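In what comes next, subunit A is part of two complexes: it sits with subunit B in the first one and with subunit C in the second one.
Presenting the complex of A and B:
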């Protein structure tokens, strides 16, 4: 690992900053291809119904309508999916949720397609609708015939003997918690644009596409066109947070089918309402928890049964269950763990990747339970955590010995406590709340996040890139990890410069283009920095070898050791410039170009007592968030006064943007914690709040100016450039910290058991507490 | 406007041009000022397909806020920002300035008009409870003549006003309050900006030298199908010295109006008690200088 750095670790202006702030950057819907067809989808009227007949005649009569396309127009495979192929891009046999697409109308203008789509009539035979995963388990109504009991995944993380530990505990804390659907709320609704080649059987696909290589597979499978002739060029993307994978993929498949049949360019965008209706969401998860501790509050064992609502398609639900089960227990020491995480199909919106991926929900449940434990032991929430957190060389709840990393969770907690002045405020608020209706609270939430995918992806967690140094010593760098607004292209370019030993000015990072960048895993799972970094390092090392051989040939000498650093190349007691080294390489027609590959080493995750145990991840990020709130007990309104979030992301490659990710993460958690509610209808599986008038995101006025992001860096020896995960750690704790703070304000740990803590819920909780004599 | 379906879009340069146009048309007319409601309505449903949309936002004659003796006259083109920042309104009808400051966000307020907030007739309109306690009147251009209508008579029911086709509200008229009148505006939303009101409470109150209430008007918004004030509520305090008991009585009586008038709805269990608590909070602070 690198000690002294020249580019990484220094605040750097993002490479796309000017184009974006000037409004010049092109997003999917900005693309204007020649005479495109515009698509409009017809959505399912029932969340669960047999599709009997689609009446297209009236729509087809509309002037300017080119066609109406449905499942019968899919030439090859009809389903897509990253891990489980179970999602129809057009309804085939039956509808499974209210965002399913029956067909698309293609018209010469958006207005024509929109109008004609209203003329499509569909005959259905309604089926019973399952909207609660708890009752869906074993229900006679089966959503996917391959999963007879509707359970599509079951992850069981186990360590030690849970029954024995619970039996030997002095204190038992038991509780149940629930979370709700959460929308990603990216500012840019999905848009895809497809351009068929008139030269050969080839499609180029642009737009808001988070996972280009997965998409390529799906389009290939649907159309029969080989992957090399499906070119994905994601446009600038206006936010994703995990949300522009399967939905955008289904859209791209529909558009690709239309483009392939008509040989016309196709433009297909969603309105906000369509986006919220069709796109997948964060999983609602139901937790049933039991924790045993000794009389001092030291945890002995934790038993959890959790059920996530996968919705209509499996999507990432099993992977999400994996993270819930393995990371849900938090950064705490315990002798035994029995954490079961089931994924269950229903007729709700399907649920998939969203920043946090099954942990914000689990942390909400776990941290509330920790506060309840603190209350029983009669110590502060801070003290109970201090007694239980992991340290260097400790073994995690899943059984992973942490002898390779700084276990900095204690430090993160201390830094947050100092910043928010926890100790004195905690005492002060307890007194203050006795006499005030607007009550104050502090909340803490801790997390350990696995870097990248984890052992459920053992063997396929890989990344690749292509670096080419041109004859003038400028560098062209191609990587398939997509910029989603988080600043990835800048950090990747910085690592490329650092790895090559040249200045950042030399590096051009090309727009992601699957025809130029080698296949790589997607920009998901907070893996871009660690996985991209690994591939970049490999490519840089290979290029250094090429230049070394070239210099040996040109100078006719053997080189033992060669150092590329800060625009200089040093070998055999000589120092030449980077540019000179490159020129020498080209002078004998050698090519300083390489493909880098990095694979996360397999970890030891093994069967044990009917579940799995061991090393669920290769490395970890530790983080702590604290929140200060004021709750108006007369109205239920919660004001966030200040939040602090300390994250150990290994090394912050671009510190100023790392802080930006944390600041954004806190706000995202604030929405999940307090206001964001899609108004899921438990009778018919629909969502009522389809736009941001009623789906309440925090505004600038709601976000405290006082928020603080703390970079608690300890470069990770398991990552090429020292940085591991940050994207998800930035947000996974904040909703929980706020929830715990509200419950402290109300005077009862774990008081409100479901998210979000909106006006009405907090108000009625206050009234119930009054009845109980609080 | 490209996406709004309508029979015709017309933007007069002067009020005179508009008057001429109105004389010669028998079509349905919809007025657009800031557009913060109309554009959204049009996006959801094609309700203006058979209407002529007349854009009055640029009519200079409708801009401005002025004094007319003991009255404040607010032009129909005045934005919420104009009203919020008007010295006249802040001096003589502070409750309205406060209400306008609670609308949407700065960007919305810079474009949306107070008159639009009235004519749109949404029960959640932020300004309506303040206009109710101020007893606003509207000057309306009808058949080439200006008539004056009572604000309460113009709003009929949720999202419906009683204006006739082509009627154009040109001015909002408010009786000036004495500078000693205390004003309060309370808004409860799910967030601090861009929040649809769950409840507003507007209060104006004046006491004489001996501490007796001589003027009192309080009502809430986003709770009734149309703006309303209640004599029986106000009479509890008028002529009396404020006390905790009287404030409690006002709070009880006003909050009881919610189920009485709007019926028992899903939100009543929340709104009724919160209204009672908030009225107590507002009045205790205003009249007894006490935090409750």
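Presenting the complex of A and C:
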């Protein structure tokens, strides 16, 4: 058990819970600004085509249409992008995927804009469409002229001598795996609202905006308005999971351009079909794997070539490749690693950050391979992992010595095994499956997640916040990390109270507002707790220094040591209340207010044998998921009986919300594992399943009520309040655990090689197995 | 056309197109934005309201169809005992994350507990299966409804 403080470690009601259960919390589409213009986009009819001409005349004649806006209305830069600036907000010379926006119609009502948009005709000259990244490499069709071979990123993680290790292995396991597009499927479709100031060239932007400071840069670049006069105030956000960054940003840029030209408020929302059409997805990734082990199944080396489908724009694809290559090998010991991860442009939907960011796919491939290894060694999947997992002071596959953290992966595994009763069920199911048509399976998936962005972001992985103690000792706290539903603002408020040494009741956390909160990196990469915590700690330390100096002056004494804890301030053998200390500070007009800054220290990630090696991240989260399934071999239907997920998030600041991340993550993985399929058309690059009638999310009835979330806490000395990444660990393992469980039920490790394991795929796998006498 | 109905326990007359979707009448004409829109095809349940005791997806109902009926939205839930208990249990048991599904979830849960004060786990899951949630993994919502059920039981025993 980890000790609780007066704030941290207690189940705490989220700051926005009551507004949400009363229906009072406002999301983007709930805003009602004065007489807004409504926008409707016209989408590309071809995934790859030259844009010849837009015929706007008929639309412009419609009563109530105020204008039709396209790339020619963008006054400055025409492209956006967080890391690579390559995404056009309006199609410029050519369309690159079927979610590209040609133009937007602005009307006095949504109905007017919708109707008029249908009257726009566009002339195209179709170009060949690339839909498979494997054949896009080196193709004569080039999507972005800066990347002649269509390869926009290549990350190569290396340790040791892979050829030597493979040559010296007793056992070689080789296989190929693939995953498909996955939709974020936040229940709130994107909506942005822009309000121009009539006092000066200033725009205030509301809505479903996960990355306000990045958006501010883009709008500034497009309009020429300085960043200080672009004010971003994200509304309540109805889920994001990494998904409300570039798409929402492109929308906000379009709306900002219209607002800036018309000086009218603009309301711009997507329907679900538009949202799925336009928004970026989880990357499909293709894996070609080779693993060498000794006769006991101890891994000697792993070689992987992987290709992710970046789609039409680079977006986060290179960062995703980074996480695939560095975290894909899992929490296993090995002498050598050679993991190549390429990102390749195609004319498919672009792909970007989605909870897990390149690891759920890699874990799926790796864990299946581990099961195949177990089969060859003739031990259980549990045993093979036990023989290979990392322990304290071991060196990771990339070459990072883990001498600074509890390597708790073994513990996570044990806790899950106990909860799901692995050992006895494993034997029981093996017997049971011999005589039953409905077959049972257990699956395990392990993960080791790097905290925050990693060495890929060396130097710019920063966060900031502003804390101000008012004269009545209430606290106002602003931070630009956005609440996406995960409970971040409550966690941040708790850390603020903890850091200041006051009660949580004193702390008010303001809504994110770029004019109030100092610039900070986005709420991505599961970095909120660690990065926000670091900035909070820094601000609190500075405020403590201010109060210390004030007390020295007021009391006319020197203070060496001062402790702020649970509403008490102790120094020189005296204890005064927090409130009194603040009052003394104000009594001589000193201001207990500070901006806190935290930067993740640089890590040692260095060139080696044509790739990179060393310390890809500053710290890690270990997790294990186990799943129990039952497969009806007649129909191909898989029922999930139970899932267990143990995550070592360092410290669970607010345990009830920490568990919430795990419960939610498991189910998101269940969808990826079993049902979610966008029906990607390999001929024309379109997606067919654009709404929830065909894109099947897990419902209440599909989810086991026996699911268990285990908090396996070991406070991390590298994080200010001991907590590190949780949001992504909660989701990265469950699809794989389910997949491995299905394969066990089918009696063959690594049996189905592509996600999702939907009805058809499992059905046909069963028919094929029948031929082999199953 | 004038449409007369009861909304959150108050009788109202709304002058609007009878073919307008109920969800639009509620959100736009009546400015009650607690009812959400997630899919517009009856699949997500974010727009759930209660009409004459039944949970209904208001994106599939025309406002003309509620003439003379009793409509309850999230904004009216706090005035009802079952509603208040459900809200409290949702808040205390981690049933709320992004909160976008929450109004619809609460309306479905209300309709269930209003009809059946002692539903089994299976009955709860069945009644709630038209409401999608991408954040919570459903387990905390299920637990919250079970807690609300228990609180209702102790209340009725008193």
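The rule we apply is simple: the second predicted complex is superposed on the first by the 770 of 774 C-alpha atoms of A that agree within 3 Å, B and C clash if a C-alpha of one lies under 4 Å from a C-alpha of the other, contacts with A are read in each partner's own complex, and residues count from 1 in each chain.
In the analysis below, a contact is a pair of C-beta atoms (placed from the backbone, for glycine too) under 8 Å apart; a residue touches a chain by one contact, two chains touch by 3 or more.
What you see is a predicted model; the values in this text were computed from it and never measured.
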item: Which superposed partner A:437 touches (first subunit B, second subunit C, both, neither); value: first
item: First, second, both or neither for A:675, with subunit B first and subunit C second; value: first
item: Dominant toucher of subunit A (residue count), subunit B or subunit C; value: C
item: Which superposed partner A:637 touches (first subunit B, second subunit C, both, neither); value: first
item: Contacts of A:460 with subunit B and subunit C, given as first, second, both or neither; value: neither
item: Subunit B versus subunit C as contact partner of A:774, first or second or both or neither; value: neither
item: Touched partner set for A:759, first subunit B, second subunit C, both or neither; value: first
item: Contacts of A:699 with subunit B and subunit C, given as first, second, both or neither; value: both
item: Footprint overlap on subunit A, where subunit B in one structure and subunit C in the other make contact; value: 693, 697-701
item: Complex contacts: residues of subunit C adjacent to subunit A; value: 27, 31-41, 43-44, 46, 73-75, 77-78, 87, 90-94, 96-103, 106, 121, 124-126, 128-142
item: Parts of subunit A lying in touch with subunit C, wherever the complex brings them together; value: 13-14, 16-27, 29-30, 32, 184-189, 236-241, 271-272, 484-487, 656-657, 659-660, 662-668, 691-693, 697-701, 703, 705, 707
item: Contact set on subunit B toward subunit A in their complex; value: 105, 188, 190-196, 198, 270, 273-274, 277-278, 281, 292
item: Subunit B contact footprint on subunit A (complex, rising order); value: 437, 634-637, 675, 693-694, 696-702, 758-760, 763-764, 767
